[in-house]
Amino acid sequence: MVTFRKRGSKVGLEPGTLVHIGEKKVEKVKIKIVVYDSEKIVEKELDSIDECIPFNDQPGTNFWLNVDGLDKIEVIEKIGSCFNIHPLTLEDILNTGQRPKMEDYESYVYTVLKMMILDKEKDEIIIDQISIIFGCNYIISFQEREVDVFSPLRERLKNPASHLRKNGVDYLAYCLIDAVIDNYFLILEHFGDEIEEFEDQLLIRSSPETIKVIQRYRRDMITLRKSLWPLRELISGMQRIESEIIKDTTRIYLRDIYDHTIQVIDSVEDYRDILSSMVDIYLSSLSNKMNDIMKVLTVIATIFIPLTFVAGVYGMNFENMPELHWRWGYPTVMLFMALLGTTMFAYFKKKKWV
Amino acid sequence: MVTFRKRGSKVGLEPGTLVHIGEKKVEKVKIKIVVYDSEKIVEKELDSIDECIPFNDQPGTNFWLNVDGLDKIEVIEKIGSCFNIHPLTLEDILNTGQRPKMEDYESYVYTVLKMMILDKEKDEIIIDQISIIFGCNYIISFQEREVDVFSPLRERLKNPASHLRKNGVDYLAYCLIDAVIDNYFLILEHFGDEIEEFEDQLLIRSSPETIKVIQRYRRDMITLRKSLWPLRELISGMQRIESEIIKDTTRIYLRDIYDHTIQVIDSVEDYRDILSSMVDIYLSSLSNKMNDIMKVLTVIATIFIPLTFVAGVYGMNFENMPELHWRWGYPTVMLFMALLGTTMFAYFKKKKWV
Amino acid sequence: MVTFRKRGSKVGLEPGTLVHIGEKKVEKVKIKIVVYDSEKIVEKELDSIDECIPFNDQPGTNFWLNVDGLDKIEVIEKIGSCFNIHPLTLEDILNTGQRPKMEDYESYVYTVLKMMILDKEKDEIIIDQISIIFGCNYIISFQEREVDVFSPLRERLKNPASHLRKNGVDYLAYCLIDAVIDNYFLILEHFGDEIEEFEDQLLIRSSPETIKVIQRYRRDMITLRKSLWPLRELISGMQRIESEIIKDTTRIYLRDIYDHTIQVIDSVEDYRDILSSMVDIYLSSLSNKMNDIMKVLTVIATIFIPLTFVAGVYGMNFENMPELHWRWGYPTVMLFMALLGTTMFAYFKKKKWV
Amino acid sequence: MVTFRKRGSKVGLEPGTLVHIGEKKVEKVKIKIVVYDSEKIVEKELDSIDECIPFNDQPGTNFWLNVDGLDKIEVIEKIGSCFNIHPLTLEDILNTGQRPKMEDYESYVYTVLKMMILDKEKDEIIIDQISIIFGCNYIISFQEREVDVFSPLRERLKNPASHLRKNGVDYLAYCLIDAVIDNYFLILEHFGDEIEEFEDQLLIRSSPETIKVIQRYRRDMITLRKSLWPLRELISGMQRIESEIIKDTTRIYLRDIYDHTIQVIDSVEDYRDILSSMVDIYLSSLSNKMNDIMKVLTVIATIFIPLTFVAGVYGMNFENMPELHWRWGYPTVMLFMALLGTTMFAYFKKKKWV
Amino acid sequence: MVTFRKRGSKVGLEPGTLVHIGEKKVEKVKIKIVVYDSEKIVEKELDSIDECIPFNDQPGTNFWLNVDGLDKIEVIEKIGSCFNIHPLTLEDILNTGQRPKMEDYESYVYTVLKMMILDKEKDEIIIDQISIIFGCNYIISFQEREVDVFSPLRERLKNPASHLRKNGVDYLAYCLIDAVIDNYFLILEHFGDEIEEFEDQLLIRSSPETIKVIQRYRRDMITLRKSLWPLRELISGMQRIESEIIKDTTRIYLRDIYDHTIQVIDSVEDYRDILSSMVDIYLSSLSNKMNDIMKVLTVIATIFIPLTFVAGVYGMNFENMPELHWRWGYPTVMLFMALLGTTMFAYFKKKKWV
């Protein structure tokens, strides 16, 4: 069962005030650094942010800093002053209630994404805000919790023949975003299977729970759409950036993920359509049920009420009722009633009510 | 319970006629002035608008005039002539039924906003129209009533290290708008909690009141949307202004609140979606209830009508009814009826109608 | 009760053929003329259109010709030849089934508007087509009937201090349009009050009439929207006209009425939303009523059908029914039946069905 | 009753293959020619297309060729080679399942329209595809069947004072399109009257047929919209053509029919709105009927079931039932039952169920 | 019955990794080559991709390579390196879950389409992804399975008089896309017939299956729309390509298929409208049925419950009931009951309930 946790809010503070809004998700902030060019690659886990400074000065090498956990504000602040990052960017990194967006601060590009991770065991989807800052030769990524969705990328980086090694950090940024969007496909496939199975069941039998499940899926689709719509703008915004940070060779790849995003959005809209038509199915199943109940009542009442009336007639105490004294009076009436009942039953049988 | 008060109207008057449209909300018009630059700050409450004139002539300082209460038209007129403000602007300030908008009158920028203040005690939302006029070094804000939503800003202004002190009045204008939008987040959070709780209850049990509550929330969302949609245009309009009044450093901040506005609008649209799907839930709950009622009726009628018929048969007065004279006639019929009733009950039990 | 009268049509005639399409609404065509500049003003009612020619030649003065009634085609034709007006314009003036629009014929601007006048006594809204033609120093307005909606304007014109006297005819044209839009506010307020009151009643009690009233309001909103949507284009079109006919000072005022138009359109859309959600309320009220009816039936049937069965049992004529001969048989059965009935009643009471 | 006939299809053929798709509608292809300038006019019916060639070479004269019937492909082919028409155009002329469109082939403009002709006797709407090709001084129109919708135009052409004679073929093309659009007004008026009448009846009484009629109107509106939406693009496309074929004086007229098209589209959308709200009315009328039926049942059952129970009680055969032996027992019980029944009836009367 | 098979997914792989996503559909990859110019044509089936290289070098000739089956990745790779194709293109060819799209890689244009093939025997629609790459003089088409939809084209190519022979590969590409779109017309016609027939049945009689069929058609329309919407962008994108690959003469033809696409999309939207209005019809048919059932019950109960009461009265055992001893008591009561019953029946007859 998918749950989307509530988030805190930050109202009334001065813009630029650094406060981490969101639950604490990791005990310790974990900083990993990868320095690479087409020939060599160094990977290291840092204890303090200061250790990364020497790496930053090597010209011609690319530099990937990954920060897991946003609870230590001083780390974010230090990175901010180190890489000359605008206070609004730092604020946005810490406020995990952001809408996905892309902002071009000339010296760097700032991107916020929503990573959706399907936890199949708990049947839960975790939403993790991922911030990516990249300039000419550095890229910094921030995650709320330590879910290593980027480890396949890290593996690919180690392969010297990989495209990643031959291209700059803009290509790495594209790969990070691509990894995020790939996860949406997984989530949607999971939803698609669930909804399809649910619809198959609905067509057989419905219960008062049905509408609650539909409502829950609808809400999930709203949550997904909320993360996806801005993604489209984000990527098309990146394609239009006119700085050197994004090379032309990378732009072709951006076109590709733009396409993927549209595909995911289309699917979400389709599921919304399907879910809303499932409400029609559900409501019509209720009406059908009602019709079935009423048919039972009508058949029983229509057969027995006239019979009861006949019996009532011969229960009257008039002195002068000749039928009562006939020898075959009782059997005749019983036969008549049996005939009447059978005829009525046959009539309903013909009308397919029974 | 949220209420949106009705407003008066002004039809048939000459454009530019200054009449305050709206209820009287403060006894006295209160004028506060803050004069500041990066080094010093002076704050003062004025008795008459004339006292502000000396401050207006100090070059290099910024100047914030705050007017609470719109009932004294002569005050507004004086400010108008003092700062050379277009009659249409003055008219719009006084007519509190404005749609949020931004207008660029070359020498100044005029902005109308709707501040929504949640009065938790009365469970009421007050809508207050806020007008902001800002030129190169002055900013004038008008409020309908004395709700000091800007006091945190005033506190921050006193801090010499604050961004506010280092930047011009355009940054202060941004901060005022930001404070207004922040309040929308609070309002929406409040609605979100209420609607969620209401939906949880709805899924358990519904009453004829339910549809009225949904209708009320729908109306509230329409009111919110009405204030929010124009806000989007307002901010994007400000970003496109090509005068010196808005500095480039401030434009980045405007991008940020544009983003916030979109986020609020998205949420309102989502709540509208959710509310309209709650109508489906409610209607289906009515159908379910009906089905339950009909099941009770059908079960009772189907069990007892045939039994009554049997009793009726043996109440007939035919002379020649041998069963009536059998020794075990009565117990046999009673047993038969018990069996019939039990079978029918079991049948309904199996069909889950009982 | 609002009524929108049907209009005639003109199909298959040569474009430019002058035929008045619409009912006759005034007995006589009434022509009023106002000649004014910032210093003097002359107002006169004309018997024939020829009388206005001398006024037309006075340079530096503004000239307002108002024609009430479109039945005398020769008057329209004469004005057309006098002021050099395109045949299509003349055709549009006479065909009162026009959609509001603005057309720029270089030497003049042609505007068609729908004036809505609320006749509170008859509870009727009259739609009157108003055509405004204005060039550099003349303005000609045509009305279908003699409803003097422009008399306040005429009064203001007489005041030498008025903006109207200081500005050209483009400002007067703006004031005419403003007067028309102001009337929409009145109409909408009237509708708003009615709909609100109606909704309050609906929440208490509904009748089969309810849906008819909703339908009527829906149709009214469609009619309003039909007049309002084109108004938006009309005004934004006027703002973009690149001729000298519209001065820059007037453009600021056009921005203002554009805003008003948007506000009215928003309200109409909101009422449409509210009306369509009222259908939900109405349908749910029908279901609730049905549930109430069924509850009554079920309660009565469920209590008395078993009791009738018991009575039926002791009405059987078996010889060997020992209970019948017991001394306390009758009271015992009566007590049992009373108990059974009370229990069932209590059960329904608990279920809130009674 | 409106019928829209099905059309054939042409799939898998080489683009440019000339096959007439559609039913045969005329026995013979009829070719009429009109040659005119401001001074003289010649009208002639041709036996063979070759006869028109001499007319084509007269400079300074306009030339209108009208072809009724598309069954003789060789005629179309000949015209194609004569006037140098692109094979795709010829294909489109013959394929009568076209969507209305305008295509600019530099040397000529090609327009496809759907003429709707109301056959009041058969209560049927015939859709006829009309293709218009016009170049600098020639215009060729093709119709599927011989419905002389253009005869009023031909009459007007004969009038030497007519605009048609003074303007070029582009003005004639405008008049042809105008004639087509005028017919839409007639059709819509007819629909409008029918729908209005139908709605009036619906508000009084509904039958299971009602929904079928609504559905039929809905389909009709879809068919109309299908022909109308592309018309809008068609005309705005013609306005933007930057060749000499369309003169500036004609552009003003195009603006006028653009306006008419919008007006027709608006009406269709309005009828769609009204029809979909009629479904609500119908569904609510079904619920109201159900409520009425249930009220009858409930009233009858609630009055008589308790009375029957009372009668049942005194039909019991207990030995010791003192009431049975009272002198006034019978009248007392009868009176009690009458009272009970009357009370219940009064209760339902008060509840307005009777 | 239409089925849309599920597809596999490819998540987490490096962009550019070549993996065939989709079911295996052909045993062997089949490569056909056609080399043609306006004078000669050679057609050949290749065993290995290397055999095509000599043909590629002939200047002035056009070259069409058709690959059926995507299972041999090495074939795709070889073609990729041979014709210098971007890795992303190759990836897209193999991933058969693509959305239709067009991409301009300067040296070639890449197009993905969804071919829908109606298998009338199995009553199934097969979706086949078709990729078309075309440069200046070569065109390569990839299909998932060996359905020879292009054989009519191949036949036309053999005709030296065909347009295909006179034009370049861009015209051939247009013809391929045209063939794909033509198939959509066939599919839609099939759906149209089915839906129309289904609607006719629905108007006569509905069953609980009805809603399932509607739901299935709705899903089919969603699938169709999903393939069609991007097609529109695809073609308009091709029209805007500013390279020599697409000649101006071909652009006119693209305009034509753009038009066809719009026509298909319009039809799909219309069917969606019609299907959703069919749900209304279905729901109203359920209500009508319910009304019919309730009428039967009400008529029976209303006639017999009062009669049973009368019989009950005369079944009472009071000593002093004079009617019981009247000579004509019994016939009188019977007559009275017959009269009562007949009257009620007549009443229902009049109310059209019987």
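Note that the chains take the letters A, B, C, D and E in the order they are written out, and that residue 1 is the start of every chain.
As a convention for this text, a residue touches a chain if its C-beta (ideal position, glycine included) is under 8 Å from a C-beta of that chain, and two chains touch if they have at least 3 such contacts.
Every value quoted in this text rests on a predicted model; they were computed, and no experiment measured them.
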Where each step is a move between two chains that touch, what is the least number of such steps from chain B to chain E?
-> 2
How many degrees of rotation map chain B onto its copy chain C on CA atoms, rounded to the nearest 5?
-> 70
Centroid spacing, where centroids are CA-atom means, of chain C and chain D in whole angstrom = 26
Give, as an integer number of Å, the spacing between the C-alpha centres of chain D and chain A.
-> 43
Which parts of chain B, given as residue numbers and ranges, touch two or more other chains?
-> 283, 287, 290, 294, 297, 301, 305, 308, 312, 315-317, 321
Once you've mapped the touching chain pairs, tell me: line, ring, star, complete or other?
-> ring
Touching residues on chain A, where the partner in the complex is chain B | 9, 11-12, 14-16, 86, 88, 92, 99, 101, 103, 105, 208, 211-212, 215, 218-219, 222, 226, 229-230, 276, 279, 282-283, 286-287, 289-290, 293-294, 296-297, 300-301, 304-305, 307-308, 311-312, 314-317, 321, 323-330, 333-334, 337
Note which residues of chain C are touching chain B in the complex, please.
-> 152, 156, 162-164, 175, 178-179, 182-183, 185-186, 189, 199, 203, 252-253, 255-256, 259, 262-263, 266, 270, 273-274, 277-278, 280-281, 283-285, 287-288, 290-291, 294-295, 297-298, 301-302, 305-306, 308-309, 312-313, 315-321, 353
